Amino acid sequence: MPTEHIKVDALVVGGGIAGMQTALDLGDQGYQVALVERQSSIGGKMIDLSKVFPTLDCCSCITTPKMSATAHHDNINLLTYSEIESINRNGNGFTVQVTKKPRYVREDDCTGCRSCELVCPLEVSEDEHEFGRTSHRIVYVPFSTAVPQKAVVDIDNCIFCGKCIQACPSDAIDFTQQPEPVEIETRSIVLATGFETTPIDAKKEYGAGKLRNVISGMMMERLLAPTGPYGRVLRPSDGKMPASIAYVQCAGSRDQTLGVTYCSRVCCMYAIKQAMLLSGALPLAEITIYYMDIRTFGKGYEQFYQNAKAMGVEFLKGKVARITEDADQNPIVRVELIDEFGKTRVTERQHDLVVLSVGLLPGGNPQAKFGVPVGEDGFIQVPDYNVFPAVTSQPGIFVTGTALGPMDIVDSIMMAGAAASATASYLESSNGSGKEAQSQPERSVEYA
Amino acid sequence: MPEENVNKQAQAGQNPKDEEPRIGVYVCNCGGNIGDVVKCDMVAQTLGKLPNVTVAHSNMFMCSDPGQKMIADDIKEKGINRVVIGACSIFLHEQTFRRTLERAGLNPYLYYHVGLREQVSWVHHGTPKEATEKSIRMMAAGIAKARNMKPLEPVRLPAHRHALVIGGGVAGLRSALDLARRGLQVTLVEKSHYLGGRMAQWERVFPTNEEARPLLKRLIDQVLAEPNITIHTGAQVAGAKGYVGNYTVTIRQQPRGVRGTFPNEQGVMDVCPIKQRCEFNYGLSTRKAIYRPYKECVPEGLVIDWEHCTKCGECVQVAPEGMINLEEEAHEFTVEVGAVVLATGFQPYEPFYGEMGWKEYPEVITLPQLHRLLDDEGPSDGKFYWNGHPVRNVALIHCVGSRQVEGVHRAQMDGEVNNYCSRVCCTASLSMASLIRQKAPDAKIYEIYEDIRAYGRWHEDYYTRASKNNVTFLRYYAEEIPEVRRADEKAENPLLVKVRDHLTWGEEIEIPVDLVVLSVGMMPNPVQDLMEIFKVTPGSDRFLLEVHPKLRPVETAVNGVVLAGTAQGPMNIQESCAAASAAAAKVSALIEQAKVELEPYVAHVDPDQCQGSGECVKVCPQEEAIELKTFSENGRTFQRAVVTPANCNGCGVCVSVCPNRALDVQGWRLDEYEAMVEAIAADIPAWEGAA
Amino acid sequence: MSTETENRSAKILLLATLSGGYRGADMVGQGHMDYPPNTYILPVMSAAIFPPKFYIDAFNKGFDAITVMYSGTDSPYKGESEKTAEIINETYGKMKELNLDPRRLRLAAICTVCVRPFLEEVQRAEKLLEEIGSVPRPLTKPQAVPAQPAGTQGGIFHAN
Amino acid sequence: MTARVDPQFITELKKYGEVTIESCFNCGNCTAICPLSTEETPFPRTNLRLVQLGLCDKLRESLDPWLCYYCGDCSATCPRQAEPGEAQMTMRRWLTGQYDWTGLARLFYTSAFWEVGSILLVGAFIVWMFFLFAGPMVTDHVALNTFAPVERIHYGDWVLAAFLSFFLLSNVVRMWWFTVAKDSKVKVPFSVYVTEAWNLIVHFVTQKQFEKCDEEQKGFWQKKRWRNHWFLVSGYVLMFVMVVGFLPWFQTDNIYPIYHPQRWLGYYATIVLLYGGFDILWSRIKKEHQSHRFSHLSDWIFPILLLLTTISGILVHTFRYLDLPLPTYYMYAAHMVVLTPMLVLEVPFGKWSHLAYRPLAMYFHAAKAKAAQLQESLTTAPAAAD
C-alpha cells in the first residue's frame, strides 16, 4: 500500500478537548494542522462526561460543536483510529510515521447510517466496570455523537457472518482492509496525550474493585449522562435506585501508598457537580461527600460548593479508610469524623452506592515516544513551567492539557491557547523555519 | 471603509433571493435537558403543519455531527432555504448552526435560534404541558421571522495588525511577547513606571521555588528584545474610539521627570525632603518623592512622584545637569490597534481595621508584606525580624478576604462579601512557611486554615514539606474566624491567636505569637474607566467577565477585547502566563489576516421607502454612521439617507423615528418582530397539548 | 371550558436585549429557577428600534403586558437607553388614549447576572395581570367602548 | 478551657524513637483503619494530634497508646507515610518513662550508653555475687546445687522479685495516678475497680486485643503474631512462676523421668521462649511486618536477653545431661548474668513493662468507661423519671 504523505505546520497528538482546542487555535491562525487520535472518534474523556462544572452545561453540548468544528475546519487534517509509530527529527522539523488502524469499513463510503449495527447478530460487553458504553455490536458506530460518524468492526470478536456486508447501503464494509501507513511531515508537534483515571482496583482497602456497588467517578458520569447505560442512576448489583450515595474523595490522589502524592485537582468539583446532579435525578437520595480538603479553587467554584451545601449535600471531613459490604452488598465506609460538637469518633456508615473520586494519572507514554522528560509524577516536565508552560525541552515539541498535569476543562482550554501561541511563536521564529535550534534558558529549577 | 463593501451590503439587503421560503424546523432534546420537560416530538409535529414549513424534526443532539448533518442534508436534498432550531441558549450554538448552514451552501443568516433550554425547559420543569405549548409558540415565532428573513453578508473590514496590551505585569508581558513573536505589532501600556507588576514584589514563585525577579527579568529581557513591541510606562488609556480591527486608542503618559540613569542617584534621593509610604514594600518602608521603584526595575532610573513632589528643586541641584526636569508635562498620543488585551491584574485584599488585628496591632501583616519582609532586597534585608526583634513565633491565617460568608464577614463597599476562593494564597503561604523555616530554623510556625488548597502540580509537595518542617496546622471553622488579641503586658509574645481547632476535636487553642500574617486574597484592580471605555463587564466577583468559562474563557462579550491573567480572576504565575498566551492566540486569530469580519447587524435604508426626512440623521448617536446624500435621477434631485456600516453599531435609534419605515437593523427587522408577536399570540394549529 | 379560552390565557411579552436581559433570562435558566410559562422572551439587539406603534399593536394582537428588559445605562449602544425611555414615554401617552393601564408596559434595566430582578419583573407583571386582567380587544378609544371591569380572563375572552 | 501549644514537644519525643508524624495531615485514616479503635475511643490520630500540638499533659493522661498492639495497618495505609504505628510505639516508651519515677526508664530509652551500661553493670554484679556466694565446684559429677545452692538462689530470686515488684508496682501506681486519678471528668468508685478487675486477668492471659489486630486472618493458627506472642508470654510466665515460686522443685540435681510434669513444663516453656525469641529477632532483622520496620535499641535488648537466657538455660540443661560439671557451672553463672538484668532492668523499666501496662490500661480503660456510664445514668435517671 502506498504511504500517504501529509505535510503540515503542526501535528497535534490526541483528540481530547486540549488537542482539539489547540488544533482549532492553530487552524484559526492559518496554520495547517494534523490531529492524530488513537480512538475511533475524537472527543477524549470530555465527551464521556455528563455535565460540566460550574455552569452545569450539558457536556455533549459543549464538546460536540468543538468536535464538529475540528472535523470541519479547513486547516485541520483529522486522523482518527491512528497510532503514532515513530518520530524522527528531520532538519528542524519532524517526520512522523502513523498507522491508520483498519476499521474494516471504508471511511469515505460509510454514511454512519448504522444499518450494519442493526443486523449484526453479536454483542460484546466491554469491561464490566467501564459501563460507559456497556456493550456494542461487532460492527458499530462508537457513540451517537462520534466524530467522524463512521462504523468500525471489532475484528477480534467478529464471526464473519457477512450480514453487515449485505445490509450496508454503500458497500463500505471491507474485511480485507490493512493497516495504512501515513507519513506526516511537520514543523512542530503538540502533545495532548491526556490522562487516565486511577483504576478502580488500585486500593485494597476500598475493596480492590471487588465490591459491586463501589464505582468510580467516571462510571457515575456515565450513569448521569443522557446517553448513559440505563438512562437513570441505578446501582450495579441489583439495579436498585440508590437512596444514599457516598463520595470518597482522594481515592487515588494525595496518597503515598498509591505512589500518587499530588492533588488531581478536578475530583472535588466533579464530586460536587455529580452530587448536585444526583440531587436532581434522585431528589430523595442522601448524598455524603467524605473529604480531606475541599479544593474548589476556580472561578465560580467556591460558590458552586456553597450551593451544594445549601442544597443539602452532606460534607464530612475525614478520609475513608476502609470500605466493606454487608450481606446485601451495601457498601459500608469506615471513617473518623469530627462532629459539629467537636467530638471525634470512628464510625461505620452504610450507603447504597459508593463513588470513588478517582484521580488523574498520566496517559500515554510521552517520554518513550517523543523523548520529552517526565517528572516524578509521570506528567511531562518542562524547563520553564511558570512562564513557558507549553514549551518542552525538545525544540519544536509542545505540550498542552492534562499531559502537563491534572487540569480541569477550563484550564485545559487555556493551556490549549497557550500551546497554540507557543507553537505559533516557534513556527514564526527562525527555528521553526529551519535555521537554528531554539535555545531555552538552561537552568536547573527545583520543583516544589 | 472600502466602497465595494458598502455596495455589497446594499445589494444584500436590496435583492433578497426571490424565492418561496422553505423552512426546516429542528427541535433539540439536548439529551433530556429539553426533552425531559418539553415533548419535542410533538413540538416538531405541530410545527410541521405551519405554512412554509417543509420539514420538522426533533433530535437528541442537534449540535452533534449527525444532527448538523441532518440539517445539511435537508438543505441539499429538500431545498430548505430557512432554518429554525430550538435548542439551548443562543449564546452557545447560534454560531455552530450558522456554520452548518454555510457548509451546506446556505447563507448563514437565514437562520433563527430559539432558546428552549434556558428559557423554557429549565424554568418550567414543573409544568411540562405549558412548557410544550410555549415551545411551540416560540418556535412558531421563529418560523414567522424566518419567512421574512433575508440573506446577509458579514461586514468585512481591514484590521490593524497591531494589538494593545494594557498592563505590564507578567500576563501583559507574556501576551505581548507571544503577539510580537507571531509577527504582530504590539503596544504595551503600563500604569506604573516599571514593568513586572505584582510579580516583581514576590520573593519567590511556586511551584519551582525560583526567585521571582530573576525569572521576571528573563521575561522582560525577551520582551525588550522584540522589535515589534513598543512599551509605554507611566501610561494609561484615556479613551478609545472604533471597533474591532480598528480601534483608535488615546494614551496619556505621565512623565518620569528624570531622563535616564546617572551615578549619583542615591545622593539625589537623599536630598529629597519628602517621605512617602513605599508601595513596592507594601508600606513596610518609606521612599522619597524622587525614588527608584525597586533595585533592578525596568526601565531603570529614578521616577518622580508628582502627587507628592513639591518641586522644591533640591534634587535638580544635586543631579547632573539636565537629567531632572520638574516641569515636564503629561502628554497624550493615539495608537491604532486591531485588538485589545486587558491584563490589568489584581490588588491584594485590604482587611478592614481590626479584622484579625489588622492595623490595630503593628504585629499583624499581610502575606504580600511577608514576601517583602523575607526578600533579601526587602526592608529588613531578608532577615526575619519584626520591630528589630527576630520573629520566633508566627501564625499565618488563611482565607482573609476570600471564601467570605455573608453575615460573618464584613462586606465591601458594593455590599458584597468576597465569596470566592483566591486560589493562590494556600500554596503561597505554605511556600512562605518553608522559607521562614530556612531563615529561622527554630521558629514556631502555625498555619491556620479552612481547607488547604494545594491543588496544582507540585503544590501538594509544599504542603508535605511544610508538615515535615514541623509547621503546625490548625483548622478553623468557617463560621468561627480566629481571634487575634493583645497578650498580657508580661507575656513573652505580644499577640495571642485563639482558634477553635477542628483537628483537635474543636478544642480551643491559644497560640502566643510575635507576628501574625494574614493570607489575603485577590481583588481585581479597579478598572472602572477601562470597563467604560471598552464596554466590558465584571462578574459578580467584580473580576472581568469572560463570554463563557468553558468555551471561550479569555474572550469578553466585546469582539476584539480579550482578557489575560488576574484581571479575570485569581491565578498564579503559571496560570496567568497560560491565560495570557491563550489571549494572544485569540488576538492572533482575529487580526492576523489584517481583516476582520463583523456581524451584518447594521442599519439599512430601503431607498424606495426613504423620503429623505433626515429624522434618522438627527437622532443617530454615532459619528458618521448615517447621513443624507443628494442623488439625482432622471433630472430629479432628492435626498436619501445612506449608512456607513463600519461606523453603525446597530443601535436602531433611527429605526424607531423613521416616519416612512424605510430603516431597519439588518437581521433584526421590525416587520420580523411584528410577525413574531403575531405568531406567539395566534392559535396553535391542531394543538393537542391536553392529550 | 372551551380549548380556545384555555389556550388564550394572559400573555406577557419580554423584549430582552442580548447584551442584558436576555442573558439574565439565561442565567435564571441556568439556576433552574421557576417562573410562569405565559412569558415570552424575544431577543433584541437594541430596544430602541421599536416605535410606539409596535407596542400598541402587540397589545392589540394578544399580549397583556410588555416589559422591555434593556441594559439601561450599561448599554453597549450609545443613545439606546435615552431613546428607549423616550419611546416608552410616548407610548404611555397613546396607551392612555386607548384606555390601557400604563402599568402594562414597563421598562426595566436587567443586567446579565440580574437573576433576582428578572424574576421580580416577571412576578410583578403576573401580579398585575391577576389584578387588572387581560387587555380588552380590539383596542379603541374610551368613548367608543366603556371600560371593561377587571374580571376573569375567560370572561373577557368570551366578551370578545 | 484553652490549651497552649508547644510544637517543640515532638523533638523531645523523637529521642524515644522514630517519629515522623509531623507529616501527618490529620485525615483520620489511621483511626478508621485501626481494628482496635472504637466509636468511643478513637485513636491513634488523637494521640498524634496531641503530639503535634505538644499537649504533653494530655498525652500523659491518655491510656490510648497502650490500647494499640501495633498491627501496623495505620502505617501501611497512611497516605502521608507518617508512621502512626511507630509513633505510638514511641509514645509508649515515653509514657513508660513518665510513669517511672526513678528516671531510669527515660535514661534507658534515650541513651544506649545507659541501657547497655546498666545491663553490664548488673551482669558484673551477679558475677561478683557468684564470687562471694558460690559453693564449691564438684568436678567428678554435676552437682549444681552444691555450686549454686538452691536456697541461696531462691533467696536471690525473692530479693529480685521484691525489687522488681516494688518498682513495677510503684510505676503502676503512677500510671493510675496520671491516667485515672487525675482525670477530672470521671471519678472511678472503688466497687468499679473490683467489678472490672477481670479485665486485667483476661487481657493478661488471653492478649485478646492482640488477636483483633490480625483482623483479616481467621483462626488461632493463622493469626501468627498473636499466636507467637501468646506462646511467648505463656512460656515466660510459666518459667517465671517456676523459677521464682518453685525453684527447689525446678532446680534439682535429680533428673526426673521424662513423663514427669516438671520436665514437660520446662520443655514447653523453653521451646516457646526459644521460638518466640528467635521469631521476634528474625522478624526485626527481616523487617517483614509493618511493626518491625523500625527497631529501637530497646526492641532488640529484651528479646536478645531473653534468647540468651533461654539458650544458656538449655545449655545448662544439656551439659548436666552430658555430665559435664564445669561447663554446667559456668553456663549456669552465665545464665544468671543475663537473666538478672533481663528481670531487674527490663521488667520495671524496659520493654517488658508493656506486658504489665497493656492489660492495666485495658483495665483502667474499662473501669473509666464503666464509671462514666454510671455517672451518666445517675445524671440522666432523674430526667428520665420526669
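Couple of notes before you dig in:
Going by the order they are written in, the chains are A, B, C and D; count residues from 1 in each one.
The rule is short, and it goes like this: a residue touches a chain if its C-beta (ideal position, glycine included) is under 8 Å from a C-beta of that chain, and two chains touch if they have at least 3 such contacts.
Please read all numbers here as calculations on a predicted model, not as lab measurements.
Pairs A-B and B-C differ in how many C-beta pairs touch across them, and the larger number is found at A-B. Once CA atoms are averaged chain by chain and compared with the all-protein CA average, the nearest chain turns out to be A. If you average the Cα atoms of chain A and of chain B, the two centres end up 28 Å apart. A straight line joining the Cα centres of chain C and chain D is 87 Å long.
In terms of their C-alpha centroids, the spacing between chain A and chain C amounts to 47 Å. Annotation: 33 Å between the Cα-based centres of chain B and chain C. Residue positions 30, 32 of chain C each touch two or more of the other chains. Annotation for chain A: residues 55, 254, 344 touch two or more other chains.
Annotation for chain B: residues touching 2 or more other chains are 452, 464, 503, 505, 507, 539.
Of all residues in chain C, only 3-4, 6-8, 11, 13, 18-19, 22-23, 25-26, 28-30, 32-35, 37-38, 40-46, 48-51, 54, 57-58, 61-63, 74, 76-80, 83, 87, 111-113 touch chain B in the complex they form. Across the complex, chain A is touched by residues 25, 27-34, 37-40, 42, 45-46, 76-81 of chain D. By the touch criterion stated above, chain B contacts chain A in their complex at residues 30-33, 60-61, 63-66, 68-69, 88, 92-93, 96, 99, 103, 170, 174, 177-178, 181-183, 205-210, 215, 218-219, 402-403, 419-421, 423, 451-462, 464-465, 500, 502-503, 505-507, 539, 541, 543, 548-551, 553-554, 568-570, 573-575, 577-586, 588-589, 592-593. Contact residues on chain B toward chain D in their complex (touch as defined above): 444-446, 452, 463-464, 467-470, 472-473, 475, 498, 503-505, 507-512.
Residues of chain D touching chain B in their complex: 1-5, 7-8, 10, 20, 22-26, 46, 49, 52-53, 55, 80.
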